[in-house]
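The structure under discussion is supplied below as structure tokens; questions concerning it will follow.
Read from first to last, the chains carry the letters A, B, C and D; within each, the first residue is number 1.
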Amino acid sequence: MKVGVVTFPGSLDDHDAARAIELAGGEAVHLWHGTADLQGVDAVVLPGGFSYGDYLRAGAIARFAPVMDALIPAAKGGLPVLGICNGFQVLCESHLLPGALVRNDHQKFICRDQKLRIERINTAWTGDFAQDEEITIVLKNGEGGYMADERTLDLLEAEGRVVARYLGGNPNGSRREIAGISNEAGNVVGLMPHPEHCVEPGFGPGLEGLPFFTSVLRQVVSA
Amino acid sequence: MGTVVVDVMPKQEILDPQGQAVVGALRRLNLSQFTDVRQGKRFTLEVAGDVTDEVLAAAREAAETLLSNPVIEDVVSVRDADAAAAGQEDAS
Amino acid sequence: MSNLPAYKCDTVDIASQDPQAEQPWAELGLKSDEYQQIREILDRRPTSAELAMYSVMWSEHCSYKSSKVHLRQFGDKTTDEMKEKLLVGIGENAGVVDIGDGWAVTFKIESHNHPSYIEPHQGAATGIGGIVRDIMSMGARPLAVMDPLRFGALDHPDTARVLPGIVSGVGTYGNSLGLPNIGGEINFDSCYQGNPLVNALCVGSMRTEDIHLANATGVGNLIVLFGSKTGGDGIGGVSVLASETFDSTGPAKRPAVQVGDPFAEKVLIECCLDLYAADVVAGIQDLGGAGLSCATSELASNGDGGMQIHLDRVPLRDPSLSPEEILMSESQERMMAVVEPGKLEAFMEIAAKWDVEASVLGEVTDGENLEVFWGDDLLVQVPPRSVAHDGPVYQRPLERPAYLDDLQADGTAHLNRPRTGDDLARTVLDLIASPNMCDASWVTDQYDRYVRGNTAQAMPDDAGVVRVDEETGRGVALSTDCNPRFTKLDPYAGSQLALAEAYRNVAVAGAAPLAVSDCLNFGSPEDPGVMWQFSEAVTALADGCAVLGIPVTGGNVSFYNQTGDIAIHPTPVVAVLGVLDDVAKRNRSGWAHAQDAIYLLGETRDELDGSAWAEVAHSHLGGLPPTVDLAAEQTLASAILAATDQGLITSAHDLSDGGLAAGLAESVLRHGVGASVDLSPVASRDGVDAFVALLSESTARAIASISASDAEAFEAVLSDKGQAFARIGTTGGDHLKVEGQFTLAIEDLRSAHTGVIESAMSH
Amino acid sequence: MGTVVVDVMPKQEILDPQGQAVVGALRRLNLSQFTDVRQGKRFTLEVAGDVTDEVLAAAREAAETLLSNPVIEDVVSVRDADAAAAGQEDAS
């Protein structure tokens, strides 16, 4: 089972995402931003970090990388894609997911252990959670405020596409406490917090990030 | 050598935390006549030659595809820095 | 060369023909005898480029001219036994130690104080950038950063300008590099009002065979500059950093601040690691203070021949720069490599992969000089050692300050002490709500402590712990410490207390202390009183390290931290690095379970001079700091390490500022598990009352929690090591209860402890 | 209701990593006629009444003290959004 992890210049959590995939039992394949080739992987993680320094807008420049020329059509065709933090921003900039992520309302970078509720489990990345399961994983971002117009937000809610919501206080001003969303089909998920930092005993606040990675492995096997 | 100026502002309906922070700070500086502040971006793009219509068209393309995100921002102006600024607040 | 901008360059030829030309040596911060010395070295007047180069390289910041005679002790007092694990010692960009299994670790701490006062965000950001490049230049992958910070009073308006900027600068830069921030310090004292201290530490690792050094050897090898383009920023920055006149503007009207580009540095890190892996780098040097002047002269000086450099090949961001400015520019995110000609192509391919611009500036020659050209004009022809290493050395006058006798005589004995349990409870709450002891998460939550997934612990634990080897779990622990109130009262004892505290923190975390780096922040070296403090501090650290058997591997000196005649407290920040064969064994601070037995290790004396209590309750600083007992620190370390090894400890926390009271409150607050404590065994054994037991800052102490079933085994280990201990209570409940004194609800402790910095910053 | 526009740009001699990143991205979008890009900030400040000289003076004060950092940035313009834009690139 091969899961690609894209490295853009300025990606930071690519190493962690690859480790998480391996700990979940998959094979991590490093994909380079400059090559429009997905190397036959069964799923892709767009990792956290500051691609191109997040200059201009987070994710705005990475969206035009050659690898995205291959990834965007593949995602539209059903390839499971998880965008974590900066990856979520890239997915929004690429219009694979609606909305945008803006500067935290308190204007500071924030790193803390964050409680979430998993609200959609029929996605490629959340099948191993129970409906409405509450988990605590790492949150760290400077531009994590999820924004969309009311119509889009209503649509996301109506279609059950809010994958995860913040509990215990909104950490960044996201509309309706949204921490993660999916496309209609559920193969593309964007998540602001970092499950890849919560997969190994002794490192990070727990192991509650691991199901994201086991979910996709199971889903790909059964597909 | 010519320069194109591109102005991008957060959409009116989008919360602008930076602008809000500025309002608060202005109040503390006793500059409370300013009731609302919004913070956007201003780009200057240099070209080797003159700012021709083609250059402006290219700049407009850059403004729409890269320099702004239409979900949260509006391009409010794309113009020759040196030209008389009639209609400057007009991106069309 | 016709396509070069037409500068009227001051060349070596012109300098030889026009020996009497007036030169602005004084404006550049040189003393008249230093200028004469340059003329003697060159046997002519320097060209303007040479003058700029010498003036910066001979500045205090680059030449260590006032500190050198003292720093020598670090080398002199390092015994062969201490050198055993030392792979690279003082004198290189950073020291390197052997942590076992073929792993080497390099770490260093540096200051970026003055720039951070002028432009807090960029000053602090480029401070992180600079220390990370030092670590990269040893061939290492940077693993983590730390940031000991010191500010003026928390409620001073300028602190609200300086602190958020510095914190966001440290955060933005380090976070963007993907380096976890695993600790540091935040300390407030009005002595830092006009001189905040921004110290930055970076630690990196490599296989022992992959260590790289900054030297240019091999005639014909190429000198390659790579990274960001060179601009006009920071020209004169070194003068601002180092010169006597704080706001001197340097050779040209260029901005003295550097602006950092963390993205460029992140790419540079990955590019360097690829270059090292491909084995295409023969020598490597970072560019920091004094830019190309420093990099070329240090590389050449450490090599075995000469070097030729062509400034017209430097990629420029600002084409109006003069050759002298190019030589001096402190543009960030640049490195310089020595590359064998046969490996240049491979080098360039890797640089291109990362979109990093690289240009060959020149080569290593068989001559003796560093020669710098602009087109065909020879602008610099100097023996590199004379620039980089053989600068002036001052034996500055020292004098014990006259105020010290009065200060030391003014102890805390006459201050009112809390008498009742209620008084004590209030004292504890005041203490944990005070700026220096309150919850620091407003600051530390702005730092990514998780990135790369190797952080075994970070803030607010006593030491940062990172895994180096993902297979075995081998890793390192680091702590930086200095209590400047103690160093003010007695710089010798205070410096050893800083060393002892960092050592203790590392040991309490379960790591075996191995090596030391230090950042010596002081006032003006031209003040004999400051120079005396400095000399005491260096002597104390060198002596202390010899006793503890851990070498100083490198560090940094920052002088001129003063406003007018008023110097900061002496602030020798000490970083101790320790090793764990498996970071999974580390001890966290704070109680995670109920029903554990709580032990106090070490003995408590009536030592309250200079304490947090004296400051918070009485705004008092006077008397003598607590007794230094390095042997007791070693005993404590060996006892904790032995117990850690046997897996007996559920948590451990070092005691320092605020004594046992702070240790108990912090342990309770960590996970919200309360405790019930009985001080009578301590009181009767050590002859102290409850107040002294709780608030004395006697050293060589720690608290540990142990599963009740392991208590016997734990006590056996302690007895075996000769470690004094007392079982003082049990964890559990919603309160911190001190038998016969007070009971405080965890919520009340928490509400006192949190929000203090936040509310000060939001005014 | 009136609006004052304040434009702030990084000083010419100061590194502008944002602008550099945009140049690189434009090149990949085949918009390589733009040889240099600099990214600054654009603020709009609302006042309840008209943009009088006093309001402009206050905005200028805000621009110099709060909206820009004189160490690394220049205020390039403070002006009434609605006024004819003669001298718009002049902060004085």
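The rule is short, and it goes like this: contacts are C-beta pairs under 8 Å (C-beta built on N, C-alpha and C of every residue); 3 or more make two chains touch, one makes a residue touch a chain.
Since we're looking at a predicted model, the values are computed, not measured.
Chain pair with the larger contact count among A-C and A-B is A-C, by C-beta pairs in contact. Between the Cα centres of chain C and chain D there is a gap of 38 Å.
Taking each chain's centre as the mean of its C-alpha atoms, chain A lies 36 Å from chain C.
Chain geometry summary: the mean Cα position of chain A and that of chain B are 30 Å apart.
Counting partner chains per residue, chain A shows two or more touched chains at residues 52-53, 55-56, 60-61, 64.
The residues of chain C that reach two or more other chains are 261, 263-264, 355, listed in rising order. Residue positions 66-67 of chain B are each in touch with at least two other chains.
Of all possible chain pairs, those that touch are A-B, A-C, A-D, B-D, C-D. Those residues of chain D whose C-beta lies close enough to touch chain B in the complex are 4, 7-9, 19, 22, 25-26, 29, 31, 33-48, 55, 58-59, 61-62, 65-67, 81, 84-86, 88-89.
Residue ranges of chain A in contact with chain B, taken from their complex: 56-57, 60-61, 64, 92-93, 98-100, 102-107, 145, 147-149, 173. On chain C, the positions that touch chain D within their shared complex are 118-119, 122, 228, 231-233, 254-255, 257-259, 261, 263-264, 317-318, 331-332, 355.
On chain C, the positions that touch chain A within their shared complex are 168, 171-172, 175-178, 261-264, 266-267, 354-355, 441, 445-456, 467, 470, 583-584.
Considering their complex, residues 9-10, 12-13, 15-16, 19, 48-50, 52-55, 108-112, 138, 140, 142, 194, 196-197, 199-204 of chain A touch chain C.
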